[in-house]
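Right after this note come the structures.
Two complexes come next, and they have one chain in common, subunit A, joined by subunit B in the first and subunit C in the second.
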Partner chain A sequence: MAKVIIYPTNSLILSDLVQRFGHTPLAMMEKIKEKVTTVGVDSPPMNITAEEPKHGLKYAAVEVPAGVRGRMAIVGPMIEEAEAGIIVGESPMAFGCMGCARTNELTKYLIRSREMPLLELEFPKDDDEGQEFVYKIAEFLKSLDEVKGESEEATE
Partner chain B sequence: MNDEAVVKVALVSCGSEYAGVHGELESVASSVNAKLVYPEIEIDVLDDIGKDFGIEAASPDLRLMMARAKAVVEGLSDVDGVFITSCFRCAEAAIVRNEVRRYINKHSELPVISYSFTERTTAATLLTRMEALTTIARRRHLLAREKQSGLTAGIDSGSTTTKAVVMRDNEIIGSGWVPTIKVIDSATEAFNQALEEAGVKQEDIQAIGTTGYGRFLIGEYFGAKLIQEEITVNSKGAVYLADTQKGHATVIDIGGMDNKAISVDDGIPGMFTMGGICAGASGRFLDMTAKRLGVDITELGALAVKGMEQNVDMNSYCIVFGIQSLVNSLAKGSTPEDVAAAACHSVVEQIFEQQLQEVDVKEPLILVGGSSLIEGVPKALGELLHINVLVPPNSHLIGAVGSALLASGYVEE
Partner chain C sequence: MAEENNDVITKLVVTSSDSVLPIDAAMKIYESSTDIVIKETCFGTMVTGPREAVNKVVKEIVDLDKNHIFVKERGFPPGDDRRCRASRGGGTRPGFYFLKEEAMMLPMIGNALDKYDKHVPLKEIEHKKKLGVKDLQDIVESSL
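And now, the complex of A and B:
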């Protein structure tokens, strides 16, 4: 089982696919749920506190707007935690919209910078492409078991 | 300075020529005998650079910036240093600029500076940075020097205080520390203090090195062999005093007027940043805090260690607001201890937020400059970064020590 970071980070479909193949999706929804249900956050649904943009400084310099840094405070640790990644480009809003373009650029860059299995594909435009899309994701997720198995053997 | 070899500096920008600052960039480069070079690229590279580099920037000019960085790393453009620059307040450029800086630093040994400019950026603002870049490229052999030899002196004419040391055979034998009033008079006084303590005469000194804001004026006055900006000199002085000349180190110099954060490798600066948005983030704010609390600056540290910064809401983003917070908190009944702690924390927090994002902090973290002697400052920095902060002996003398050390290279010549 691998921890898989998905992009868009709030895609329910990607999250579901990752889960169906026995892996753990690292998704925005989970993190936001943790935030709004954790005792101590002032008034749910409070996504970002005043401290978050400061934590985001780890991923983006101070000149980067506070909104990007605040988002990165949530996304950044997920990328660090990831063992594999799936990036879907050119996706419509309904597939999982991440509203801030600058955060998206940085998120994709940081995922790509990690040395880990990564699948990048474009959002399908018709049924055939849709089937191919799901097939590729499925094959990738299956391959993670093998990669994971090999690395576990190597460490033993 | 200008009889030295021309240093080729790659200008990796997303179009500084449109921002009205290009004349200033050219002017500062020519003043340190550097030539700005635009790394050449194949036009086709631009189609895929977003994916290749990993950041699919919307701005084609930022893609050009990444392509130029790649050309530098791959050696397609033969340069001695890199100056990365983009507009202040551009979010996308801030992301790309930072990653381009890291990329060049990771894949080459070239010195790199990154800077975000406003339309008011002047050559004078850029001088120390560009001078440091060319010094690293030009004087690598000198910066590799690890021991002082002979009898040399170093004078650091800072914005607030002037420091001088006399060194003999790798040891400090005399030092002087006075407030900077008239640059030459203060330097003479500090130098005389150091000479007296060392028990030597000025004519016995084999080589003098100068640094700091007044370096050119006092360098000429004392006939210095070495006149060098404070980035390279302070890096050298810091790793020498902390006895960490090999490997990585991070040097933070909290000065009277500005701060420097420098990432050092084997004593040679790699990435560095200078600044502090306002004097609120520098030693000057601590000086004003001490005055307002009615204590000597040397007593502020001990006071701060006893206080709790959480008890005071302090914002020294600007020195005016900082003083306002200070006055307000005292009026509300805060203790001087808490106010002193909050002032130290506020200065350090600003350095963390504004400057440490531009360099990769690697241990050991060496804190130097007069402010490092205020105990509350290293304490606050250590708490904020969760690492052990090293304050070497004579940490306020680094500029003078670095100058004396580097100047000794001329004794052997």
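And now, the complex of A and C:
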């Protein structure tokens, strides 16, 4: 079972597909849950403490808006933890509530710069594209098992 | 208290099935004897409770129509002040637009999963390519 980072980081479809094919999705929702249920952070309407933008400095420079650094404080550790990644581009809704577009660019850049199995796709627009979308993701996730199995055999 | 909180999770169960309605999923949860809180919504149900119990119930729901019921974890519990419309003065909750966009794609994804299970071969699709700079230049110059 590999930890797979998904982009968009809050995607229902990707989160479900990764779990469906037997891997662990690294998604924003679980990290947010940790934040909002930890005593001391739970102070509506704030979800993060003043510490988060400081942690974000590891991923973005100080001139970058605090919103980007705050988001990177959550997304950055997920990227470091990941063993594989799926990026779905051309997402019309990855703007606005999803977060700052610059955070998204930085997230994609950091995922691509990690040396790990990576699948890049676009959101499907019709049935044929949908079929290709699911097949590619399924094959990619199955191939992770094989890679992982081989590397475990090599270490033994 | 904190440990107790950590073990409580919320999952979104989004149904796009022809045979299973959100109410069927909700009834399944009502039938379970575990201490789970559920909220029925326009897209499906939100299930909150201890991790093990939620996972067990969610698996039972998904098994009703496994390729057409989708699940993801949710960060905020139902009715949270920071997300609930009642305390935010109406409007959609943050994150709803993304969910709505994805919910519209679910029938397509569900059908594709059915085909994947039946090993239907993949059709070859010609993807539209973006116009290259050189080609564009040629077009501009040819019309002069």
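Please note the rule applied: the second predicted complex is superposed on the first by the 147 of 156 C-alpha atoms of A that agree within 3 Å, B and C clash if a C-alpha of one lies under 4 Å from a C-alpha of the other, contacts with A are read in each partner's own complex, and residues count from 1 in each chain.
The definition used in the following text is that a contact is a pair of C-beta atoms (placed from the backbone, for glycine too) under 8 Å apart; a residue touches a chain by one contact, two chains touch by 3 or more.
Since the structure is predicted, the reported quantities are computational estimates derived from the model, not experimental observations.
Judged by the touch definition given at the top, the superposed model places A:F123 against subunit C, while subunit B stays out of reach. Applying the stated contact rule after C-alpha superposition, one finds that A:Q131 touches subunit C and leaves subunit B untouched. Contacts of A:P8 after superposition on the shared chain: subunit C is touched, whereas subunit B is not. Contacts of A:K108 after superposition: subunit B is touched, whereas subunit C is not reached. Of the two partner chains, neither subunit B nor subunit C is touched by A:E90. Touching more residues of subunit A than its counterpart among subunit B and subunit C is C.
Of the two partner chains, subunit C is the only one touched by A:K33; subunit B is not. Judged by the touch definition given at the top, the superposed model places A:A61 against subunit B, while subunit C stays out of reach.
By the touch criterion defined above, A:D16 reaches subunit C but does not reach subunit B. According to the touch criterion, subunit A has no shared surface contacted by subunit B in one complex and subunit C in the other. The part of subunit C that touches subunit A in the complex is made up of residues 1-2, 5-6, 8-10, 12, 14, 70-77, 80-82, 94-99, 101-103, 105-106, 108-109, 111-113, 115-116, 120, 122-123, 125. Across the complex, subunit A is touched by residues 53-58, 88-89, 91-92, 94-95, 98-99, 116, 352-354, 357-358 of subunit B. Per the touch definition, subunit A reaches subunit C in the complex via residues 8, 10-13, 15-17, 19-20, 27-39, 44-45, 47, 92-93, 96-98, 123-124, 126-135, 138. Subunit A meets subunit B in the complex at residues 54, 57, 60-65, 68, 101-102, 105-106, 108-109, 112-113.
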